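I've put the structures underneath this note.
Consider the two complexes below, in which subunit A is the common component and subunit B and subunit C are the respective partners.
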Partner chain A sequence: MSGDSSFLAQPGRRAAIPIMVLLLLGFVAPLLAVVGFSFMPPRTFGLWHEPSLENYERIFSDNTYVSLLWSLGLASLTVVLLALICYPVAYGLVRVFGRWSTALTLLFTIPLIVSENIRLYGWVLFFIKGGVLPGTLKALFGVEMGDFLFTPAAVLFGMVYVYLPFMLFPMTLGIAMVPNQMREAARDLGASRWQVFREVELPLSTPGLMIGSLLTFVLAVGAIAEAKVLGGQRIIPITHDIEIAFTYAQNWPLGAALAVLLMLVVSVLVLTVLKRFDLDQILGKR
Partner chain B sequence: MSDSNYSVRHILIGVWTAAVLMFVFLPSATILIASMTASRYFQFPITAFGFDWWSKTFNSLEVRSLAYTSLSIAVVVTLIAVVLGFFGALAFARYDWRGRKLYQKFILLPIFFPQSVLGLALLLWFNALGFTLSWKTAVLAHLVWIAPVVTLVMAIQVYSFDPSLEEAATDLGASRWQTFREVTLPVLMPGIFSGSLFAFLLSWGNFPLSLFTTGADNTLPKYLYAKMVAGYTPGVPVLGTISTAAAAIVLFGGYLAMLLLTRNRKAAL
Partner chain C sequence: MSKPILQLKNVRKAFGTLAAVDDVNLSIGEGEFFTIVGPSGSGKTTLIRMLAGMEKPTSGDILLHDKRINDTPANERPTCMVFQSLALFPHRTVGQNIEFALKIRNVDPAVREKRARELMQQLHLPADYYSKNVTLCSGGERQRVALARALAFDPQILFFDEPLSAIDYKLRKTLEKELKDIHRETGKTFVYITHSLEEAMVMSDRIGVMRRGKLIQVGSPNEIYSTPRSRFVSEFMGDVNVIPVEANGAGSVRSQSLGASFKVLANSVEAKAQCLVVRPEFLRFLDTPADAQNSLRGILYNEYALGSRIQYQVRVGEKVFLVEKLRQQPFKGKLDDEVLIGWDPENAILVADE
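For the complex of A and B:
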């Protein structure tokens, strides 16, 4: 049972090859190249220089790491807010709305076909001076609205908006995984509503919650359009710093080092969470 | 006692859901309204409606070439992603093989990865390889993210696939290719179908990957972004609405086609 022919004897392995080749060449290799570049001297464009730690030193001496903190902070807040916003909706979709659930789920999916920067721009036109909200307030009540656009809060708002479905759908899946008998049994044994929620509902729907939180966190930490469109460059997220280093500043090694820091945070989180789950069980459940 | 509590709670959940749904649709509605103004600047409430900007946008050669580039990328991405995803999903959910659990998690990694960083990493990688950036490199970039998504979407379908169907076909004397064509493929058709819809729509609307990997070729989302930051022009909401309408047509047209196909197959049986 050794050698090349038996390695490919399993049909599963053969079927996995095409996408594995794509991901090795288009995902693993570029990330390794980024890691390699991060150890090159600043403002060089090849991988054949003497390795140095200069880029990492610069990030911490120049306060560039502040943008990393902004990104992590905004992403964490996004996750918390979305968990609070989405839980009642997900609960309703699974337990309350009955035959309306399918139609409602479809309604929540439709905005996903609108490109994210178009939807963000919709918010700009909604909040901007003379836009939908200030215009209405002025016409109806004669009230002038304060500025909301181009503030950190607007960026957070945009992230919560864009990543809502990515929290909602895994959460719905998670809540659907809690067997009804389990909740009823707890009720029959005299548990209060809050106890049922805390002791049965929440722990059993954790996989969905965790996957939703992880997905939204990772997407939000890499968000780039929100700060550009709604933040008016007031907040500099880490992705913006990376982009600047790669484009205008032409300092690839610095950009690569910043990307490596972000990748470290993301991969530690993703790998710890994913390790805990059996995907056959989550996805295969009917 | 608890019955009235119960219904109050349900009403609250209903109201909350309606509010969230409104929140979800508000910006698209705003764009739609803004696209119908006649004036050069957006001012709400709207005083003059007009569709001049619609005909201007429709007749613009630049917009046509942008749409063509976006369409080319999305079509090529869909074709390749469906093939990769089909076999990837069989490996994910149908076959049992050593290394499968690891493979399943590996497939998820590009999905759980910040897209803008992936775009920049690919920009660096393409440069290191000496590729000139164009819509073709954007196809590769989209694939790295979309092929795993399609794999996952199809895998969900594959999980419900009963392998004994294939065995029955083989027992009845079907060749491997016949079994694949007559049993596996038709049974998995809904998965293939939703997988290709996903692939097309995700590619059509993608911004963070296209931003860094299209080079001189421009896609609709990238162009719209450049216009947005440059200052207001009514062309932006108009083009945004058109691009969204195109996606909606693909979605509902595809859905209808699927309904018709399944009905025909049922009628043929």
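For the complex of A and C:
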């Protein structure tokens, strides 16, 4: 391309204008607005005040960062638990269950049709004192179940439950993408079943694991309903703080600062992971 | 043939009601380069998968050094396979791919690397490829890596499942020759599968032809080429002229469609349906009918330059005959000329019409 031609000289760029405008208005502008608000004085509603770092100072002088840590901690735990739970299930769906796989996949998919909140309230009824599980245990075995509902463990349970499909399906795909001949070749070269798994199947299915982990992590960091419903607000995740700042507290700049902080932390984490694990290289495509 | 290393006894493999491999008996000698040829769907891949331990025979026995190995899994057999897809590990370097079998056996890393580098040299792979990502290698290089990986295993038998089928002609020819060299250098038993007769002819000590799950003829390349037992084998082995004939007394057969009788070698005539097979290079243009014992009159219909040879189509009635001659042999026939073609009985064979 010659240096003096104007930006719009190329037809491709002209054709891209509508979608660029849409993306600028729909994605970039709101993002910039949020970033802008985060530098405004507390409890103001305009973008044209003197910028200040007051909101960020407050986050760290207050203990608001604790909710950020809760969110990140719960999300990380969720990802680890999901990876441990889903790998065997995904492996089974692809390699073991055969024609039952379709039915099982449906079982994992159907709950997605029901709203997340309703499903979580269902679990409340299941775990609540005298609810389905404790009630049954007491009636049948006379066992008194300790408090589970409204604990951090219940929140974690809810998150693992809600985000399971988002880990399971990328993983299933990842495992299915390992060519059969690759496994046969490894076995033919003397590898035991375990060695085939360790040397070939696991490394070649990591893209599925990575994509599932990133997806569930980003979703779980933004989770709010689990803490509200199953955690009984004992834990306040960062998303809850943001919601309160924008609604009840009417402190948009503080909410914006929290949102920006969350975005920064998540992006840095995700980009670090993506940089460390080159998906293309794992997949053998360049 | 040398001492048998691998024996197949009535081996059969059925998928549902379909017998992919049907009652195959075969003995492969130690150090032999044996090729199984057949069209797609003839069961050759199923057969080699059973030999390598990736499928179990439905019935029959597979013996390695006289020991039954039907139920021995692939990883416990002293054999190794080069796959059609090559199945190289994309997350490993060239060196790591070659060393895989040694790593599985917990061989010391320094010893592994030494062996891998030896093999790379033997297979003409540049030394700096050792740490190259295997996905960045070209098609021919990947073939060599796959072969090196299998050789590093130090198998007693090496199986090949059409590894060269996706390679362009020139490179394939080079690799065929290299493979034959490797066979000589290592002295190992090679069992090779292909649908290409040309490939089989170039490399093999013996060839087995498969059709519909059955091994229909086994012999040296020369035997398969010059004395095919059936119409199928003769046609599979390249361009041939096949004339359905019936017995017509001793030393003679008659073709209904051509309305002509041909002299044949007396001992080959049988009562069942037979075909007379004449290869294009044994058919020649005649000046007078007396120049050969069998002759036919036809129209020169078309000609194709095949490089060192020229192939002509000669139309006799409804039937088109192929005639080949060397480029340097004189011939002044032109298209649409009436020509006389002929052959002698010793250059034609009678085969079963199946």
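Everything below uses one rule, namely that the second predicted complex is superposed on the first by the 244 of 286 C-alpha atoms of A that agree within 3 Å, B and C clash if a C-alpha of one lies under 4 Å from a C-alpha of the other, contacts with A are read in each partner's own complex, and residues count from 1 in each chain.
We adopt the following convention: contacts are C-beta pairs under 8 Å (C-beta built on N, C-alpha and C of every residue); 3 or more make two chains touch, one makes a residue touch a chain.
These numbers were taken from a predicted model, which means no experiment stands behind them.
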Of subunit B and subunit C, the partner touching more residues of subunit A is B
Inquiry  = Applying the document's definition of touch, where does A:161 land relative to subunit B and subunit C: first, second, both, or neither?
reply    = first
Based on the superposed arrangement, let me know which partner A:181 touches: subunit B (first), subunit C (second), both, or neither? second
Query: So, does A:199 touch the first partner subunit B, the second partner subunit C, both, or neither?
result: second
_Tell me the contact category for A:63 with respect to subunit B and subunit C: first, second, both or neither._
neither
Task: Please work out whether A:27 is in contact with subunit B alone, subunit C alone, both, or neither, and reply first, second, both or neither.
output: first
Going through subunit A, the residues touched by subunit B and also by subunit C turn out to be 283-284, 286
Counting only contacts in the complex, subunit A reaches subunit B at residues 10-13, 15-20, 22-23, 26-27, 29-31, 33-34, 37, 45, 47, 85-86, 88-89, 91-93, 96-97, 104, 107-108, 110-126, 128, 130-132, 134-136, 139, 161, 164, 214-215, 218-219, 221-225, 228-229, 239, 242-243, 246, 252, 255-256, 259, 262-263, 266, 270, 274-275, 279-280, 283-284, 286
Per the touch rule above, subunit A residues touching subunit C in the complex are 179, 181-182, 184-192, 195, 199-200, 203-204, 281-286
Subunit B residues touching subunit A in their complex are 10, 12-14, 16-17, 20-21, 23-31, 33-34, 41-45, 83-85, 87-88, 90-91, 93-101, 103-118, 120-125, 127-128, 140-141, 143-144, 147-148, 151-152, 155-156, 159-160, 201, 204-208, 211-212, 220-221, 224-225, 228-229, 236-237, 240, 243-244, 247-248, 251
Counting only contacts in the complex, subunit C reaches subunit A at residues 52-54, 73-75, 79-81, 83-85, 87, 89-91, 100-101, 103-105, 133-136, 149-150, 153
